[in-house]
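Got a structure for you, questions after.
Letters A, B, C and D mark the chains as written, and numbering starts fresh at 1 in each.
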Amino acid sequence: MRTAGILGISGYSGQELMRLLGRHGQVRPVAIEKEAAIGGAVRAHSLQVVFLATPHEVSLQVAPAALEAGARVVDLSGAFRLKDPAVFERWYGMPHTAPHLLGEAVYGLAELNGEAVRGARLVANPGCYPTSVICGLHPLFCAAAVDTAAGVICDSKSGVSGAGHRPAANTHFVEVHENFKAYAVLRHRHVPEMLQALGVSLGDFFFTAHLLPVTRGILSTMYVKLRRAWTRDELLALYRGRYPDGGFIRVRESGAPNLRDVQETNYCDIYLTVDESGTRAVVISCLDNLVKGAAGQAIQNMNLMLGLEMNQGLV
Amino acid sequence: MRTAGILGISGYSGQELMRLLGRHGQVRPVAIEKEAAIGGAVRAHSLQVVFLATPHEVSLQVAPAALEAGARVVDLSGAFRLKDPAVFERWYGMPHTAPHLLGEAVYGLAELNGEAVRGARLVANPGCYPTSVICGLHPLFCAAAVDTAAGVICDSKSGVSGAGHRPAANTHFVEVHENFKAYAVLRHRHVPEMLQALGVSLGDFFFTAHLLPVTRGILSTMYVKLRRAWTRDELLALYRGRYPDGGFIRVRESGAPNLRDVQETNYCDIYLTVDESGTRAVVISCLDNLVKGAAGQAIQNMNLMLGLEMNQGLV
Amino acid sequence: MRTAGILGISGYSGQELMRLLGRHGQVRPVAIEKEAAIGGAVRAHSLQVVFLATPHEVSLQVAPAALEAGARVVDLSGAFRLKDPAVFERWYGMPHTAPHLLGEAVYGLAELNGEAVRGARLVANPGCYPTSVICGLHPLFCAAAVDTAAGVICDSKSGVSGAGHRPAANTHFVEVHENFKAYAVLRHRHVPEMLQALGVSLGDFFFTAHLLPVTRGILSTMYVKLRRAWTRDELLALYRGRYPDGGFIRVRESGAPNLRDVQETNYCDIYLTVDESGTRAVVISCLDNLVKGAAGQAIQNMNLMLGLEMNQGLV
Amino acid sequence: MRTAGILGISGYSGQELMRLLGRHGQVRPVAIEKEAAIGGAVRAHSLQVVFLATPHEVSLQVAPAALEAGARVVDLSGAFRLKDPAVFERWYGMPHTAPHLLGEAVYGLAELNGEAVRGARLVANPGCYPTSVICGLHPLFCAAAVDTAAGVICDSKSGVSGAGHRPAANTHFVEVHENFKAYAVLRHRHVPEMLQALGVSLGDFFFTAHLLPVTRGILSTMYVKLRRAWTRDELLALYRGRYPDGGFIRVRESGAPNLRDVQETNYCDIYLTVDESGTRAVVISCLDNLVKGAAGQAIQNMNLMLGLEMNQGLV
């Protein structure tokens, strides 16, 4: 039984890490109470891995200390996701204070970067919206199938736990219940992550976030133009090749895409359809923002880093 | 005080008509209990106007009888919205049994067709999704501003009352609550109505419906490419010109688009933004599917037909 | 058109006062921005009435100033509801700083104290839970029908707006949604108000508050033993005598007691049943905590104070 | 690995049985598709145990056949819970067609009847409301602590899954959402079960059911008079003696009683308080109606019947 440290257990991601590791079977969690004590905690508990379930400002400060103390780090914030510190500064409104780590940081979407994750000292766990969008579109981009000039449209809807644990006007029950709203239209902080992973330019990419009156889940509906006509079966075959059975990304052939099927799981479900011409695809992905979109994916990364089965403790 | 008949008061639209007319001030509602008795009811109550809050199969049968008995008709179903009976047959899966009325039927979106509504004998009240989409995009199409070949994307989310009053698996509380799903992707029955009103071809138009765990409201997020660069102020000016102050379509300059602002009102709120290049617009519209999307809009049409103030009983 | 001042428009009760007075017809609202300026506001606007939608600590301070400036006051807090300042101190944990006003303060439950409200300078608007409980039980207590020694049980369930507008852990959507809890068992601050109005002693009275995952409404289920056997018809007649048709308390003979029927109205619905022996009654009352439980009742009181129809602007 | 049959997998209890047995570890589920084939299924699969997740009318018919084929039966309906067939007939409105089985049927509340469950051929799994009420009050009744003549008040609130899977007016999302109602006041079919288990007479027992806008959970608030004064510590000691640590009934000393803590678990949480006099107790119990109130408790019973650990597959 190994031990993993968690900094930030008061937030939803931290709580979910505690819950999931509590039943992991091969790794047990230990809470790190204070940011300043992270180096000591790593040494005292001989922690091989530390999860940072902290805001990006905090992660920027403590990740170097944790690494220096000898731990490997899975950071759930946006601190190390963007390769270019200038892009970070533009979207996060602050200079990047640990740019020397950006080179080695691995973007922790295991279905894309599994090998790199295995050997990483520092994993930048993807954002919840980016996970849903990238998992949904990556096979098409890998196959160079998308006519990006026609615009890549990502319309995403998230549950309230994505807005965090701290009470605020926009998470008050009375504000959210029997309501629905769009926010951060074309300017959500998660956009550059998606651009970087898919290799699209900002001018071709349109992302809108919406707040659903549910606790858990993200459903993203994506619209792309294809460079040639595809049948639905060809598209399904493309996705199945990229996401084989037995992994956490499930390519669904029928049924209505819905959150229920993925809540409290580490699965990302993907549905596909194509119009009559075969040149317009609609891709819908669903996941639980706290699991595949945060804590579950972080554990998936940890499993790879520690040489365990990728799905240990997650199914 | 005039009297308007309502057929179909057991459904949500019929109930909402009863509720709204109950406080209208100049027209009071009378329920018509039986379809077969509509002609007699028109004559007995000297009804000038009859609302058909009935399925399209029923409306097809009773609209001619009501017209023949001397009433003017506002039909809330899809029976008379499509000009081409062949299109009707393709999307509704049945032949149109009263094609002789399609010529005179007026599509009851008063902000577009106000004059025609005033003089109409038969008004086809728009569907809830089409109202949200058409109100949101019409100014751009009128101005020939849209590059339709790049694709017109309409991502709509509706509350459960849009699925009707009859208990069904997909409206069971346990199925809907803490869930969210997409349905009828690219093949919703409301699509041809939108094509007809906007003058777009099916190959360029992508509509996805989603079911929100709320009772009332539709929010549609629409993405279009423009034929030239526009500033946000130019777009706002275009919309304000088309939808002047004091009407039911409100062009909002700030704030987050959300259902709360329009629930239980006849307003349709519209928000706009444009990307840095000025050639990609995102338009978001919100309305209450039972009011502006059904009963409220029907009364708005009735007001025009009877020579009343358009907003009588609706504000 | 008269003008009424409102202090505290940022909270739910203040907002509801603004909304309801906005359509009142004979009185229009003016917001008073600062507590310290209340005297000046009364004189500047010649306000006959001021609503205090403020915490009790604030009401204690500003009520005397408003009265001195010549306004009549409807206070929505608990500051002036309890006649005995020692009881206030015990339940509110602070000394009463304006005990000289307690003698003239009228408990603003118009169905019980209508005459006194009419002539009052200072009305203490009842709490939301007490309104539901007192309306539900008062006819039985007036008729000396209750065997209080057997225990008076009041099991109340309230929507989240009752917990106030300020974001807090217990009003976070994620905490409330798909949850239900009891709180303040036997020690809710509203208890002494109920004791005072019904003339029961604390030892015989058992009140439990619960938090419902809804925005608006209180449903109280009350269980009492009767001193003699009553038929259900006798009980209905007793309640109908006390609450005649046309008022805001509706004695319902059938149907399931539910919040929907009273939300966004000033009605309090009451349902009754009695066991086979006729000596045990169950009384269920429903109201909207922001209307009959707060702002609506406050306006009802204002109407009486100004010599208007009691239901002006409320139906 | 043993196999257990389940009849009735289309309902919520049947689905929950499938889900929980799917991860049980020592028993795997097999669905029995047709009532008429139950005997054959028992023999074909050598089923030691069959769960009947069926309406009482069906259970009455198939339980004898399953027993005769050699299986032991856990029936989740009300068919075999009441010892007296006349009481069954009065509350269920039909004659009992298998009264010869009532003598051997064991009421499957393992915390009360564990030994009898172990040896039973036929277990009548308790109703969801009765489980919450009986677990909450049984220690007091065992200790003869309750003054029943003063009335035993049980105010219960249940989530919608308790109303079953079949779409109906009262489970329509629009009817339930942002609503709350009482139903079956003093005449719920679960009442005689509670009377039988606690040994109270109908004249002293007052049960009200309410429908919460949540999917899962029951919270029951119970009020009783005690025959002598107790301190809260004495009561806690009484309950802890009856429900030792490590079982499924958890006596909680602090915190707000709430559904969240028990949802998707087989736990029943119990909170206690007593008034100043020490003679009035309020007991609050929470459980998940589909787990401890149905499928989980059924598996708990099966575990005992098969000689497994009571909590196998349930924690």
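In this text, contacts are C-beta pairs under 8 Å (C-beta built on N, C-alpha and C of every residue); 3 or more make two chains touch, one makes a residue touch a chain.
Just so we're clear, the structure is a prediction, and the values are computed from it rather than from any experiment.
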| item | value |
| --- | --- |
| Chains touching both chain A and chain D | B, C |
| For chain C, the least number of touch steps when starting out from chain B | 1 |
| Most remote chain, CA-based centroid, reference being chain D | B |
| B-D or A-B - the one linked by more C-beta pairs in contact | A-B |
| Between chain D and chain B, distance of the C-alpha-averaged centres to the nearest whole Å | 48 |
| Centroid distance [mean C-alpha coordinates] between chain B and chain A, Å | 38 |
| Residues of chain A touching at least two other chains | 175, 177-178, 213-215 |
| Contact footprint of chain C on chain D as seen in their complex | 150-151, 153, 155, 157, 175, 178-183, 185-186, 202-203, 206, 208, 210, 212-217, 219, 221, 223, 225, 256-260, 263, 271, 273, 275-277, 280, 282, 284 |
| Chain B - residues contacting chain C, complex | 177-178 |
| Complex contacts: residues of chain D adjacent to chain B | 12, 160-161, 165, 167-169, 171-178, 213-215 |
